[in-house]
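The letters A, B, C, D, E and F name the chains in turn, as written, and every chain counts its residues from 1.
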Amino acid sequence: MIAIYPGSFDPVTCGHLDIIERATGVFDHVIVAVARNLEKQPLFTVEERMELLRQACGHLKNVSVDCFDGLTVDYAREKGAKVLIRSLRAVSDFEYELQMALMNKRLNPDVETLFMMTSAEYSFLSSSLVKELAYLGTSVNGLVPKCVEEKLLAKLRMSRAGG
Amino acid sequence: MIAIYPGSFDPVTCGHLDIIERATGVFDHVIVAVARNLEKQPLFTVEERMELLRQACGHLKNVSVDCFDGLTVDYAREKGAKVLIRSLRAVSDFEYELQMALMNKRLNPDVETLFMMTSAEYSFLSSSLVKELAYLGTSVNGLVPKCVEEKLLAKLRMSRAGG
Amino acid sequence: MIAIYPGSFDPVTCGHLDIIERATGVFDHVIVAVARNLEKQPLFTVEERMELLRQACGHLKNVSVDCFDGLTVDYAREKGAKVLIRSLRAVSDFEYELQMALMNKRLNPDVETLFMMTSAEYSFLSSSLVKELAYLGTSVNGLVPKCVEEKLLAKLRMSRAGG
Amino acid sequence: MIAIYPGSFDPVTCGHLDIIERATGVFDHVIVAVARNLEKQPLFTVEERMELLRQACGHLKNVSVDCFDGLTVDYAREKGAKVLIRSLRAVSDFEYELQMALMNKRLNPDVETLFMMTSAEYSFLSSSLVKELAYLGTSVNGLVPKCVEEKLLAKLRMSRAGG
Amino acid sequence: MIAIYPGSFDPVTCGHLDIIERATGVFDHVIVAVARNLEKQPLFTVEERMELLRQACGHLKNVSVDCFDGLTVDYAREKGAKVLIRSLRAVSDFEYELQMALMNKRLNPDVETLFMMTSAEYSFLSSSLVKELAYLGTSVNGLVPKCVEEKLLAKLRMSRAGG
Amino acid sequence: MIAIYPGSFDPVTCGHLDIIERATGVFDHVIVAVARNLEKQPLFTVEERMELLRQACGHLKNVSVDCFDGLTVDYAREKGAKVLIRSLRAVSDFEYELQMALMNKRLNPDVETLFMMTSAEYSFLSSSLVKELAYLGTSVNGLVPKCVEEKLLAKLRMSRAGG
């Protein structure tokens, strides 16, 4: 059984990695798929995000990293995946995810969305929080994989030098 | 991959059946497991509930029906199952299920709880609503499998004759 | 347009009365309907609750007080009412009421449930809170109509003398 | 009794239309009122949105379509309407709508906000979801009235040719 | 500044203890007050619960343990306390606590309710969960103070021998 | 005990003032601290917001007004404050605040976040609502302190003359 874990991953956090690790224990293969989202202003390019994911998931055998355009359910069909994995942290997540899951079910009844609850220690964590902390000069140690921490500092130094 | 779908199923509804059917498309085998709960006052005995589940799931090959005492994660371990399936209908479900999932993770880190969203047309449905409607003499057609509808009417006739 | 405002009203509070008054400004006639609920242990009998409602609504011309058994939508049909009024205080109300409204729509598509938000000053108020306060010997002045306050004290004196 | 159903309607969806149809069964006349909102970047002009609403509501006798500036309660007063209709899909809707209703009550105590629950099959639907799906090249058939579907495709073709 | 932390504490958990410890860092003196609640069926007597609290809080200097009847705000007035401490774990807690805080404010405007968020690692924990786990024969190590764990096991042995 | 009440205060409302007044009854000294937030587009400058806060709090002895950059917990440490005060209005507030509190606890375990519930009459109130109402030409009397009302009107006249 192939499962897809779609997201922005700008950048991948320890919360994402916890979900990926747990998912690899359940499914034969997990594709972590970066959604190319034209409207947002990401800190990292899609290629950088994929590279960070690859480094962070280096210890996991049944994981591959990819990216996609368009609808998640179309991408799932293309990959022969029957499962989408989404994580739930809080009630506000829940309502958005419920709407997405109902919509995706309507768009492609053959793809199931399965939800995993974020571990308690990461329930406050998000990519945007990580970026905000880094921007304020606060250590993000323990919140993101080591490779992300380094890349994040380099990125901010560059943007400051550049600005 | 074996998955366990635990619950009271007093009685099984079309909402439960929808989850079971969708789960059988994702997992190799699904064990629908009736929890023996000492404190509640069920309408149907555990044996009756298992029999109704067996009839309702007769068309599904990779489903078996069972019952268990004690902790769900202990039962999962015993059955060699790494996945618990739970359904989410609403925010109030979400909070209870989040607490249960975090607790189960602590009790047995090898078992993952995966959540499925109830289909929109069953979002208002529960076993207790079905029993209340039947008690008030209202048809439950379309809310429960045919076999449950008949058994429910027979049960209520009996309880009225008996009372 | 006739509207039905169903509930337990055990006893009617200033929050209920606020909804009733506002509803009389919108609908031609409002029937406040006490649901005979066999399972709960009410403090006041259905007849007492109706009498208190009649006194509390004495200043409103287009209100009548009634009681009913069975499904609310069946009672609405019988009365020629196309509208059920329900009040919303909080998120937990919301989810229960959403399920009820979806269910009632399915049972009788001709009856619409319309919701009114409880005024901010009564957002913490419920019949059970009123009874708990009275039981603890605290004044419920300003939380219930005057007639309810008196009846409540009499009731508690009686139950204490009796117990 | 005149009721106003205010909104952005950019564009009207089958969820909106379901509310309008149900509202016409309850109120003598329903004014569907497009709010001119200066800050957002709508896909359709106010005039286009009104024209689409008129086509979508062509089969309903007691509906008129209008637009307004400023406060909804001021517009209601001007039209002699005592009722605002709002729909509720989810908990996040609920909190925003509760705040709006309390605020509107304070600004004009003579206008009541009445809420209707969105039908289960449209609980995931919103104008922005429709626009996102159309943008991604996915069919929105069954989610919006036929006239909206056509206009939406034309609009997107134009914006692509233009861009 | 004296603060009161009221509750059932049947029995005290590590979640409660975390709140008490954090509160002692903020307030001059913290009174942990067991509410005598006539309606529930507690596992431990009020005296046992107070004794367990005293043992669990033995390392904290500015804590005392007490019990009370009636309204919490009346008890606070009697003790010269201006602050009630309550903990928040989840949305369902939030709504109940909001109603209680608004009510208490009305009953005694001089007493403020201050809320503390439960630490992430105890967000799933409650006294009833602890009792359920112990009843099912599962270790509650790490969920309750050591003294509670022992007393709980003794209690269950007794009740089984007695039953 | 020194407490910090951080926020944007763009501008201070009667809801904020209610929290400040209640906090001064609990803590020795309350620092109302305007967060310099680089990303938003405030209506009032940080200096204007501080001046309005000073005028609005003129009757309170143990309040001072300040501003800060960076992390709130770092600012608290610098000021020797062990308490952050935050207000809760609704479930959506709750989730955001829970995440912030857990994050702040991780960044600085010595600082406690204490929450106060907004009074019922201000539960619908926010700075952005006030600005929206003023922009639409509606009176904000009773929603903001007198000094804010005047400044707000002057600001809008200026921006209109200027635009």
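The definition used in the following text is that a contact is a pair of C-beta atoms (placed from the backbone, for glycine too) under 8 Å apart; a residue touches a chain by one contact, two chains touch by 3 or more.
In this text the structure is predicted, and so the values were computed from the model without any measurement.
Undergrad: Using the touch definition from the top, list the chains contacting both chain B and chain E.
TA: A, C
Undergrad: What is the shortest path, in steps, from chain B to chain F when you may only step between chains that touch?
TA: Tracing touching chains, the least step count from chain B to chain F comes to 2.
Undergrad: Given that chain D and chain F are copies of one sequence and touch, is their interface built from the same residue numbers on both sides (over half shared) or different ones?
TA: Mostly different residues.
Undergrad: Give the rotation angle, in degrees and rounded to the nearest 5, that superposes the C-alpha atoms of chain E onto those of its identical copy chain F.
TA: My answer is 180 degrees for the C-alpha fit.
Undergrad: Of the other chains, whose C-alpha centre is the longest way from the centre of chain B?
TA: Chain F.
Undergrad: Relative to chain E, which chain has the most distant C-alpha mean position?
TA: For chain E, the chain whose C-alpha mean is farthest off is D.
Undergrad: Can you compute the centre-to-centre distance for chain D and chain E, using the mean CA position of each chain? Integer Å is fine.
TA: Computed value for the inter-centroid distance: 48 Å.
Undergrad: Would you kindly tell me how far, in whole Å, the mean C-alpha position of chain E lies from that of chain C?
TA: 34
Undergrad: Quick check: what residues of chain D touch more than one other chain, meaning two or more?
TA: Touching at least two other chains: 91-92, 95, 98, 102, 120, 123-124.
Undergrad: Could you please write down every pair of chains that are in touch?
TA: Here the touching chain pairs work out to A-B, A-D, A-E, A-F, B-C, B-D, B-E, C-D, C-E, C-F, D-F, E-F.
Undergrad: Going by the contact rule at the top, pick out the chain A residues touching chain E in the complex.
TA: By the definition above, chain A touches chain E via 91, 120-121, 123-124.
Undergrad: Using the touch rule from the top, collect the residues of chain A that touch chain D in their complex.
TA: For this pair, the touching residues of chain A are 70-71, 91-92, 95, 98-100, 102-103, 106-107.
Undergrad: Which chain E residues qualify as touching chain F in the complex?
TA: The touching residues are 1, 22, 25-27, 82-83, 88, 91, 94-95, 97-98, 101-102, 105, 110, 112-117, 119-120.
Undergrad: Which residues of chain A touch chain F in the complex?
TA: Counting only chain A, the residues touching chain F are 90-92, 123-124, 126, 129, 133, 136-138.
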